[in-house]
Each structure stands twice: as structure tokens, then as C-alpha cells.
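I have a structure here, written as C-alpha cells, and I will follow up with some questions on it.
First chain written, first letter: the chains are A, B, C and D, and each begins at residue 1.
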């Protein structure tokens, strides 16, 4: 049984800030967002978590192994180094979508994303070290079969991007509603999915669904572990097996 | 008549590098990608261009105002500071999709994205300063109407994200095939679109199309300028007018 | 009795790399060095250690609280994200200078700083968590009395810098040879000193010595703790007392 | 005749900010400072200037080639992305020390470094492009002879650092008072000096002085150019000649 610890990082009052007193330079906003994401990714990542950029002003993370104090420290450090602050909600559960819903509710209960007075809320609870197990996380790492040969080296860069995006948009919706999973595009042709306990047949079904719906062919490696890194690393290895052997689904546990 | 200078930045042989000698930590890849993007965004942005993260290993930019030497300097600087290198193609034209297709072809002609021997190619041509005009760029800045009130503060963070993503996936495809435009999600609920000479009716049609297709309500500000920043800044101001007045399409030129 | 865990981070074969195949742009080297330092500072700092930029190609850190695995992870992460690699030596002891000498010897034994074949050595040993105590670290935080009023707002920026530097150069030498302590300039008019068990009289002597030698007036707050952050935070508070009360030496433990 | 454009970047009200409402984590301050420096270094550096970290809260730059608008843009971009702001003074002249004194005076006239109401002042003037010449800048790049063999691989890391620092402290003072030059440690065993029109004999005298005073043996390459990068690049090449031929002073112009 999985037990995923999910964290929502939400920049406080970000929309209004980006246009006060007048619209800020887009390049600065892009730089600020991507560097803030990179910093959170390093902090959480070197504690074996995964962070996804999502919408950048709202980032989702799998944080098994990060304590409540770790969250507080990250919040303080961002506040010391950026012109914006973070509110944080964290929750746990066997169903990643439900855990994220709970984490989101914690932040929403503290105030609106555009509330001037809600700053640096930190709410929720984490999994104690003694309750962590090697089956807490299940991660699936998808990519597009022969994306370089079929798309990147053949189509213009935008048409390639459209193909990848349509595949992602279909997969994210399907995995969320059919399999209670959270799917994130992570660059290139890669999609990382945070799953509850799914079976090989579930992944086959999802790949089949995406191919039917938008004609994009995916393969997937799946791993389990105590942390996102452990599960994700196993998934990467499994995906390497797909690439080597031409298989569509590989589970490594 | 627009004359958009489009640049494709492609990380050389990135896919193989990420799994050699074995898969690298995902958090490090995410950090590397987002920081590389941030650096390119600063370099191009403080020359009044726009860079979009796109797939991160393939980034698309509007670079009117960046000379060929600027491109070469950026390529050298990245090579000095990162463990990966960039190949660059640049092209110009009245149709942004065609310009990107030409830029892509320059890079593809130099070798595959996974060719070990293709490194730091720099191909194409730029618009001379004397030929630049205030109508070279048309930028449309879309966002989702009342995204915070309707989605962020109400739904869980992933369901909000799904709504935004479905709106983006539909808009990007429609604007590309119906209007020869390049659409990029830039965080939050914002989408920036690089357009040829489009009229108000084109934007109304696009907004109507997306609402019909996926039930996401968009508004848009549109600007023109000599550079992406100039056009984009006018578009941001126009979008502020939409927000203030409740209009759906505002052109500012 | 203090028990300081000292780490030396040395960039492998850096000097030759900076001029191969010909000298690299200075701005890129400066950027690379300062960002690498910032990353190490974040990694170690959010585990309650302190890192000093020192010569940038050789950085010294107080790492009580960082395990051997933490050091290995940092080394791997830098290797994944930079064009250079780090060798690391770590040692412990009651005398910080001796601990750094031991850490240095570990790296030197593995090969020259300009040895092409020595890469990513990681040698030494750390203090087990069970042996850590609240008296492990003693940190002194010095600054120049009324630096802003007397120097920054009065002299040209270089003459102010000369004053600060002469004060630092004298203090660093004196503290090392008279008090077995490691002194690091940390910006502004601040110097942080990693000390063995020193008494109030030692700090008074040092301040008197620097004033006699180079006519720079210092004040100092001193703290103890289980980690560099704990000790340094107490030192900062003690220094605030100096500023408020006009005292020259304040100990907080 | 040189004509050096010197810029002073001063963080507004930084000292008080670092301890408000109570002392901020040292690792965050170090990260903030070094990343701010890196960003300024990239901005100025890719316009062929040099920036020196100096005291971090006060940074000195050679900015020939950066317009007044460039300075304003950098100031705006930092204000958009950091929790602190920059005041900037810029001045020009044949004597770099005098130019920096003039630049400093511009900032001081606007208010104290710890004045809460002085924010983002931007004062001074730059050299118009039409008046720039290939002899505007003279840069000397010093290093310590056989620093790796004699120090880094032999002494402990702090004693090596002391040697380098004593050499730097002596050189900076001597070059400033005897030769109207600004000397900056740039990491490793490297010191970059911004000079007026000096002759070979001046450099020989300086090297001799430092060896007599503190027993540190230096060598130096010197270059001239239209920009800091041009002059500094020639200096680097000249220093390579010193290393290859065993000479102490090499001029390349």
C-alpha cells in the first residue's frame, strides 16, 4: 500500500505582485520562477524527494523524507532570498490525488492565493520516520517511443512540441480520473507519474488509451521505494529496459 | 507586416547524457534545465527578447535585437558554465511557424539531436538593425478569466492544473494550425502567443474555439513592437484593460 | 571542548581547465565560481553548516551535522550540474586549524590539485550523531565598529575596502597563529572565525592586536552550539548586543 | 591614455536588512550575495565588462560598453528578482581610483548606505560609443608563481590562503597608493588590477615590492583594449607567456 506525502508550494499573492505597480518584465518573471523552482528542487531533491514545476506559482512535490522542520526551513530560506514568499500545505495518503487535495485544502483554508494578508502559511502533517516503508511510493516514468527519430529530428520544433503536449494532456487527464495518479511533464519527452498501487495492466491500459486518443506511443518504467528518488530511480532503470528490449511496460520491484 | 526572428536552442545529445553512465538524479536534471533556461532568459531578455522553456531541451525564443554575435557569445558562455552544450538555429519571417521551421531545419541539417559529434552548431541569419521596424513583432498575452477565484482557490491544485493545461493544449494547436502562431505556457494561467499579423476577429475566434472545445474562458491583450519585450509589454497593458473592464480582447497599438 | 568537523572542497584540476584550450571569459569563471559556492552554501547551510568561499577553487566548511553520505550526495550533484568536479576531504578535532590540516592532507594524498587523473576523491571521517554535543562549535562574528559612518559613507569604495581588507588580513593571521582559529571574510565588514575553546580575554587581545597593528577597530560576538548555525546564530545575537551597548566583546552561552 | 568607466553597485540599506527583524541565516545571506554578484557579472560580462565581488554589498565594475540604459535595466531586473535593491554610481577618467571616487561620491550624495529612504539611485555618466578607443582600458592579471606546487599541494588550505591573502593585501595597497590602480582578488591565486597607463617598470617595481614585503612571488600579464574583456583577455594571454617562458612581466599590445 502506498503512502505518498504530497506538498503544495504556492507563491503568496503572486499574480497581483507581477503587475504591481505595473507589469514586470516577462524575462525577469520567467527567471524568478524557474530559479525558485530549481532551488526547491535541490532542497527537496537532496532529501530524496521530487518537485514538479507544474504552474510555477503552484508547485507540487512528493516529499516523503522531508520533515515538517525541513518544510519550515525551506520556507524561511526562500523568504530570505526572494522578493516573494511561499505558503505550504502537506498531506499524506494512499491516493496521491486525495493527498494533494488535502494539502491544497490546508492552504486554501488559510486564505486565497491572492489574499494580501496570507503569507507563509505552513499547514499539514508528515509521515514519521518510523512509519515509512519501502512501498510508500510508486512512480512511473513515461517517455515517447523514438521521439528523437520520429519527431525532434523530423518535424519543426513546435510541431514536435505539440505532439508531446497532446500526449501529456491526454495522459494527465486519464491517469488522474481513471487511476488517481498525478502526471507531470518534466522536459524532453518525459512524463513522471505519481501513482497509488497500480498493476501492469493499468499501465498497459493507459498507454493504449493515449495511443487511441491522440496517436502518441508511450512506454513506461515503474518503480517502488521509500522515497520519490528511490521509486523514480527504479522507474528510470525499468524504462532503460523498455528502450533496450522494445517492451512497453516494465516494472522493477 | 511582422518580421519575427525566431531562435531554437537545442541541448546537444542531451537524452543520452542524462542516462550515461546510468540515469542521473532527476532533481539534478530538473535544476540544470530550469537554471539553463533562466540564464538564457536573462541573456535574451535583457536584449528585449523572449525565451520560452518549451521542452527545456529544446527552447524557442523571439530574438529580434540579438545579433549573430550575441548568439555566439551566449553559446560560448553556456559552454563555459554547464556540463552540456547548445546548438542554435535562427531564422526570420512574417510567419512565426515558418521561421521556427527554418530555424529547426538549420539545426537538423547539422546533425541529429542525439548525434555525438554535433556540438555547438550555430546556423542561420538575423535581421539587421537597419531593417527593424516597430511592427516586427505581434504578441498576444492570454490568461484564464478569474482563474484564482474559479480554480486555484476552489479545486485541488492538480484539477486546476488540468483545466489550465487543457486550455493551453487546445489553444496551442488551434493557434498553430488556424493562425500560424506559436503559443507558450509561461506559468500561472498565462499563455504568450507569438503571432503574424492577426486581427481582433482572429483572437475572438480563438477564444470562442477554446471555450467551445474545452470549456475554458480566456481573455487576451495584444501588442506590437520592435522587440518581443515592446510587443509583450503592450500586450500586458492591454490585458490589464481586459481585467479592469471585463472585455475579452484588447489590442494596444 | 570543541569538536569541529571541517571540510575542504577543492575543484579538480581547475587552474588548467580555466585556460584550456585557451583562457575562458573571466565573467564566466566568476559566475561559475560564485554559483558553485552558493550551491554548496545552500546544501551545507540547510544542514546547519557554514561554508566559506575562501579562494573559491578551495572552499572551507564547518560541517558538523553533515554525514559522509551527505558529502557524497553533494559531490554527485555538483558533478551532474557543473562542468567541473569536486574533491572533498573531511576531518575533525578540537583544534580547527589541525582539523583543516588533516582534511587537506586527505585530498593532497589523493593527488595534486592539478592532477588530471584525480577526480572526485572523497576522504576522511565525520562525527557520529551520538557523539555530537552543544559545545562542539565555537564561532566568533567580528565586524568593524561604525564601518558605514566612518568608511562606506566617507571614503571612496576602494579605500574603504582597503581598510576592511587590512583588518581582515591582520586578524586572520593573528587568530591562526596565536589562537588556532580560522577567519573568513564574509562580505560587508563581517568576519566569521571558527575557534577552539577561547576565553573572553583571547578576543580582547585579538581586537587590541588588530587595532595596534592596522588601526581598525573591531567588535565581536561569540557563540557556542552543536552546529555552525547554532553557534553562529548565538554569535550574531551577541554582536547585536555589542552594537546596542557599545561593548567590544560579548559571549552568549 | 586610458579612459576607464567605473561603476559602483551598492546594496541599499543592506546591513540593517540582514538583522531585521532578527539576524537572518548566514547561509542564506552568503547565497544571496554570491548569486547577486553572479547575475551582475553575467549582465556586465556579456557586454564585455568586468565586475569584482569586492565586499559583496559594494561591488566595483569596469563597464566601458555599458550604456546608462543598460545600468538602469540591470537595476530594474535586480529589483524584480531579489529582496534587496541596488544603488548605482558611474564615472569615468584616466585614473581608475579617481573614477571610482567620483562614482562613490554620486552614491554617497544620494544618501547613506544605511538610509532607509535612499533606494535605487542611479547617478553619473558614461562614455559615449563614439569616444571609445582601443586604449581605454589597461588590465593587469597577476598570479602567484607555482602556487599549486609551492602552496596548495604542500600547506594546509588555510595557510595557503594566508599566503595568497597577504600577497593580495600588500599588492592592493601598493598599487592603489603608488600606481593609482584598483586590485581585486578573483579566486585561486589570481588578482586582476585595473590600471591607468603604466609601464613595464611599474609592474616590475610592484612585484619586487610585494616579494620584499611579504615574500610572495608574483608574475603578471598586461593587456590593453576597448573593453575590460578585451584588455583582460590580452592580459590572460600575456600571463600564459609568463607561465610558458618563466618571465615575470609580459605586456601584450
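As a convention for this text, a contact is a pair of C-beta atoms (placed from the backbone, for glycine too) under 8 Å apart; a residue touches a chain by one contact, two chains touch by 3 or more.
Listed by chain with UniProt protein names: A, B, C, D = GTP cyclohydrolase III.
Just so it is clear, the model here is predicted, and its values are computed rather than measured.
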item	value
Numbering shared by both copies at the chain B-chain A contact, with half separating same from different	same
Higher-contact pair (C-beta pairs counted), A-D versus A-C	A-D
Farthest chain relative to chain C (centres taken as mean CA coordinates)	B
Chain A and chain B: spacing of chain centres that average the CA atoms, whole Å	22
Centroid spacing, where centroids are CA-atom means, of chain A and chain D in whole angstrom	43
Between chain A and chain C, centroid-to-centroid distance (C-alpha), Å	37
For chain C, residues contacting two or more additional chains	25, 27-29, 31, 35, 42, 46, 77
Complex contact set, residues of chain D against chain C	8, 10, 14-15, 18-19, 22-23, 25-31, 33-35, 37-38, 41-42, 44-46, 49-51, 53-58, 60, 97, 100-101, 103-105, 108, 112-114, 148-149, 152-162, 164-166, 168-169, 172-173, 176, 182, 186-189, 192, 229, 232-233, 236-237, 240
Interface residues, chain B side, partner chain D - complex	39, 42-43, 46, 73-74, 77
Chain C residues touching chain B - in the complex, by the definition given at the top	24-25, 27-29, 31-32, 35, 76-77, 80-83
